[in-house]
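Structures given as structure tokens follow.
Below are two complexes that have chain A in common, paired first with chain B and then with chain C.
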Partner chain A sequence: MNKTETGARKGASPRPKTKLARANDRVLILMTLPAVLIYALFYLYPTINNLRYSLTNWDGFQEAKFVGVDNFNRMTEDGVFTKVLGNNIEFTFLVLIFQTALSLLFAIFLLQNSRISTFLRTLYFFPTIISSVSVAMVWQFLYEPNLGPLNVFLNSIGLDFLALNWLGSETVTLRAIAFTQVWFHTGQMMVVYIAGLQQIPAELYEAAEVDGASRWQQFKSVTWPMALPTTAVVMAYTTIQSFRAFDLVFAMTGGGPNNSSSIIVTMIYLTAFNEFRFGYAAAQSIFLIIFILALTALQRRILRTKY
Partner chain B sequence: MKVSMSAKAFRLLLAGAFAASVTVLPISGGFAAGETLGAKCTNEGESTGTFSTSLVCAKNSAGRLVWTKVKLSASNLKPASALRAPRGSIEFWHWRAEDKAWFDKIIADFEAANPGVKISQVISNSVDYQATGIQKARTNKKAALFTTFRGAQFNTAATTDFYTDLTNEQFTKRNVIKSMMGAGQYQGKQLGIPYQSLFNNPIYNIEIFKKEGWKLPKKFSEWISYCKTAKAAGYTPMAWMGGFRAQAGQIINSALMNTASTDALLASRVAAIDTGKEAITTAWFKEMAEKYAELRDAGCFPANPTGVTEAAGNALFATGKAPILPTGSFSMGGIVTLEPKMSGNMGITGMNWTEDVNARYTGITNNTFILGINKNAGTTEQRIARAFMSYLLTGPVATYYANNSKQHVTVLDVSYTDVNLRNTSSIMSERLVLAPRFLFLNIGVRDALEDALIAIVGGTSVDKALSDGAAVIKTKV
Partner chain C sequence: MFYKVSRIIALTTFAVLIIIPTLVVVFGSFKGDLELMTKPLALPENWSFANYRELFNNGEIGRNFRNSSIVTSFSVLITLFISSLASFGIARVINVTGRVLFVLFSLGLAIPAATSIIGIYELFVRLNLTNTLHGLVVINVASTLPISIFILTAFFRQIPNELYESASMDGARPFRLYRSIALPLSRPSMAAVAIFLFVITWNDLLYPLLLLTQADLKTLPLALLDYRGEYAINFSMIFTAVMVASLPMVVMYLSMQKTFVSGLTAGAVKG
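Right, the complex of A and B next:
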């Protein structure tokens, strides 16, 4: 169909559909049905049900009692929830900054399709294919304060002051897990960046070189602006990933010590399945959905406005 | 029962296996008091084991120690035989993946003896089972036999009418050690049968204690002295694993056991904290927490204690760097896996946090799981489950399970052949209390107060740790 045809139909009453077109419509609807059903069953229904439970005091066993917005009010007064939200923001911020910066840096250095680059890309991507619980176990071992290789090494070279209680200190643990998360996913984001950077026309760099631009100026004026759409994807994905880092946190510390490494998803799990406060956990998960949506929208807005 | 063993083994058996020293009732009349069973009765509470013919060393009316025949079960009768099961199939829900092989064999034997019966094990990991296992089992008519954790999970299942009452079953009256049934009781009814029995008391390295010429501490000041001595000798006195709350929290059992003059008082104090009526800054709790600080200051714990993982703690003990592992008898299997030479080299001792060597309790006992029959299962399924439970509660089957799983059981007429089970059976002659940690039914509260105690070991002041913990607890009640 072309524009002229479309314009000619404006204002005219729609032509009645032929039998064949109606049959086609039915087939098309039927083809979408499995996907719609799966979505409705596994996403829509649980989400609506979750909303319903968030307004109750359900403990997972007994009849749920309607409590209105009490669970949401409780969240505002819950010091642990506030602390955990703060943890999550700090965790996300650290991961976002370092993971984005490092993945971009690695992508720039490994952009060429040389043998070494290909080998290093594979090497950096490797952690991504390991299961998160395995990663957690490996790093738990590395971080062990007395027998762990990291502290043993630091002590052996005289850097005792750097040999910290990595997973047992309320001030250090969250950052140690954030480091592991960065190690775990930088390779994955690097691949996304490489795909994005390979789309930048070589002529732009050639023109910049002719104009005498330094490497830094080329990065600032060509690479960074052209990589912004990729950066938006990387940042949105990293943000969501950081909010969903349940397995890593849970397997490494269970949120301890003293909730200092707990993030919202671990708190939701513990509230529901450890403390059996399913209604409150449902309210927390609704907060999480809204928070991530708002944060992602904000990121997109900032990136779009600025460039 | 025919018993054939060396003199040493016999002495070991004599020294061990008396679970009911606190509540056991000597049977008057009909039995000849003063039997010696080939050995002199010298230690009060010592028993000949968990057999239905057991003797206990007790004072008679003249104040002399004599062997007295006791009843360990709720009946004078001999243990009952297993029931016959009708044809059909059921599911057995539990989280004990490590027991699968033993249960497979037991089930195969049971199925062979009961043609037309099929029992399938449905095993989740413990975290999933704790989280959703019970909810799934309760709506499954085939899930006729299931297990629960002691404490909150058992309590929830009991309050939601999930259990079939087993109070009047013959196996409840005749096959199990009566004093070990507390964890399965609710409002005067026996709703579940605690099967595996464990002892949440410190495990010690026999060889190191012998080599260094140390005596086992019997009161709190001796524990402090032990820590200082062991540390000075280059050891980590206790392989406490503060990075893993579940194990770090084991010593709270010993810490709590003598904090009140009666069980009822302790229960009411715990309930007050559990429901938010009282804060953990209260005097009795603070007094207990201060002892954590004393242990910390005496160097009892490893360096960076709050970051020590379970694997690292076990490694410290298994490699002989720490003479004591403050967890419980359930850790022994893992230690032997790590270091086979540790087999036969582990003893168990109670941890008395008072200065009174005659304190009410000197040790802890607990149950890993409680067997129950699902009230919502079909009638035939319930009958099969009941028959299988009665089979599990017979001496030979329980003996097979105990020696293979390397755990003690609550069943009568069990003969322990495993050296580590024998060595640690001695704890049964202590004055044991059911692990008071599980009196806290609100797990959010329990986690928070244990976090506070862990923080104290990590160096936080008692006042700050308790006030921080109290603030967290407020959000959990």
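Right, the complex of A and C next:
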């Protein structure tokens, strides 16, 4: 907090603190009041309340009993919890790798403004505007094991062994959802990359061309280093987005079969509203908050050492 | 040569991956279920509106549509108004409070919404706000304030001080400056934020799922889950419901592409 305070003073120094300025400040703070009140009461307060619930065995209905840190101890022994944590890490990792790589690739391919590029950009971005629930319904159909188009297609070209039970098997379901997530959001990240790549000065490419650099060399020595800040943004957002994929996972499989496709956010919901273990779900929420804050801090640190 | 060929293959593959599911849904909504299952990609044998009729006559989809429209428009308008006021305050205030508030709202950005559902559920039960549309509006506003304030504050900070100062000379006070300088200048940012809010609110499942159990109050994404149960695996009916739920977004996207893309990427970059 101290750091931000001095920052604010420094930032504000050019303007003198006259009597009028102070009176204006009061009005300005008053203007933030509706937002602060609504946010504090309906968002911060319920979030902070997790701390209180997490120390109880509350079931959502009856009086809660104080149980100390039992809920936190339980996490380490709970097979479901560790499984879901593993799922979430695998899900995030898969989405992060493929979404970042594909969105960069498509951004490079569609950087020039031509009619067909503009059309493809519009098309690739299109899934972003559809609701996760709708996307889930469509992919449930495509993935349908017996009559679904994907397996019908695979069977027809003789790849029967690849025609899996995409959303019903413990081994592939999480990956099938990760594929849908990548399909869903690659266009959005591609647009972020295009904006970043457009900032790279054309002279750099011209110079590289004069030196006789191949496309791959140009990518390695110009595009990639110059696009690193954008890559940082894309990766940070993709990571957070993959932890937030509640709607998609819930609508596609509800976390099943046997929790094999559950991620932490769906587990929190199911623990509370299917198993009526609100106290334990609150502890899981606190775990996720700390996990994400640590991850964000780590990512920032890695990126800071890079520049 | 290798580059050109692989470029064409990659671009075509992803285009096909998006076009095919889209066509399957659009065509499927005009087909019977058997026809959809046996010939998912073919044009409908005859374009029949039977699914739509069934959905509107026997289902509640008209009501779901109405609920989604009410909740989304109120949520977006209220969030825009409150967050633009607050962002202006945060961007202009000279004492420490501005920074503190900014950090406070930023906290809400990284944390997934699902981590607050237990507290929200308990609070909304206590306040009798479950199974009400205004309760849903309240939580939508509260949860989208951080991202809107983040984007709008960044914008208000960019407005050069001189613009305000020349108006302050004439004795204009903060509220006047907000209304006659900041707001008109921020129209493009406000439009981008509005679109972003519109899309995430219209499409949201989590909060309706948490707060609404009454069938006549359900919004479209939540109702879609019910239709899936009701029509078992009758995908042509499900796709008809998907069409109804997606149509407003698609129409808006096609007519305001630039604002959509900038809105949804502003949310991405800053969120």
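Note that the second predicted complex is superposed on the first by the 287 of 307 C-alpha atoms of A that agree within 3 Å, B and C clash if a C-alpha of one lies under 4 Å from a C-alpha of the other, contacts with A are read in each partner's own complex, and residues count from 1 in each chain.
Criterion: a residue touches a chain if its C-beta (ideal position, glycine included) is under 8 Å from a C-beta of that chain, and two chains touch if they have at least 3 such contacts.
From a predicted model like this one, the values you see are computed outputs, not experimental measurements.
Once the two complexes are overlaid on the shared chain, A:L147 sits against chain B and chain C alike.
In the superposed pair of complexes, A:V210 makes contact with neither chain B nor chain C.
Residue contacts after overlaying the shared chain place A:I157 against neither chain B nor chain C.
Applying the stated contact rule after C-alpha superposition, one finds that A:A202 touches neither chain B nor chain C. Between chain B and chain C, C touches the greater number of residues of chain A.
In the overlay built on the shared chain, the residue A:V138 is in contact with chain C alone; chain B does not reach it. Shared interface residues of chain A, touching chain B in one complex and chain C in the other, are 60, 141, 144, 147, 272-273. Looking at the complex, you find that chain A touches chain B at residues 60-62, 77-81, 140-141, 143-148, 165-170, 253-254, 256-259, 270-277. Only residues 127, 130-132, 134-135, 156, 159-160, 242-243, 245, 302-309, 311-312, 315-316, 442-444, 447, 451-452, 454-455, 458, 468, 471-472, 474-476 of chain B touch chain A when the two sit together in their complex. By the touch criterion given at the top, residues 1, 4-5, 7-9, 11-12, 14-15, 17, 21, 24-25, 27-32, 34-36, 38-39, 41-50, 53, 60, 102, 105-106, 109-110, 120, 122-134, 137-139, 141-142, 144, 147, 149, 183, 186, 188-189, 191-192, 195, 215, 233, 237, 240, 243-244, 246-247, 250-251, 265-266, 268-269, 272-273, 278, 281-282, 285-286, 288-289, 292-293, 296 of chain A touch chain C in their complex.
By the touch rule above, chain C contacts chain A in their complex via residues 3, 7, 10-11, 14-15, 17-22, 24-25, 37, 40-41, 82-83, 85-86, 88-90, 92-101, 103-105, 107-108, 110-123, 138-139, 141-143, 145-146, 149, 161, 173-175, 178, 199, 202-206, 209-210, 220-222, 224-225, 228, 233, 235, 238-239, 242, 245-246, 249-250, 252-253, 257, 260-261, 264-265, 268-269, 271.
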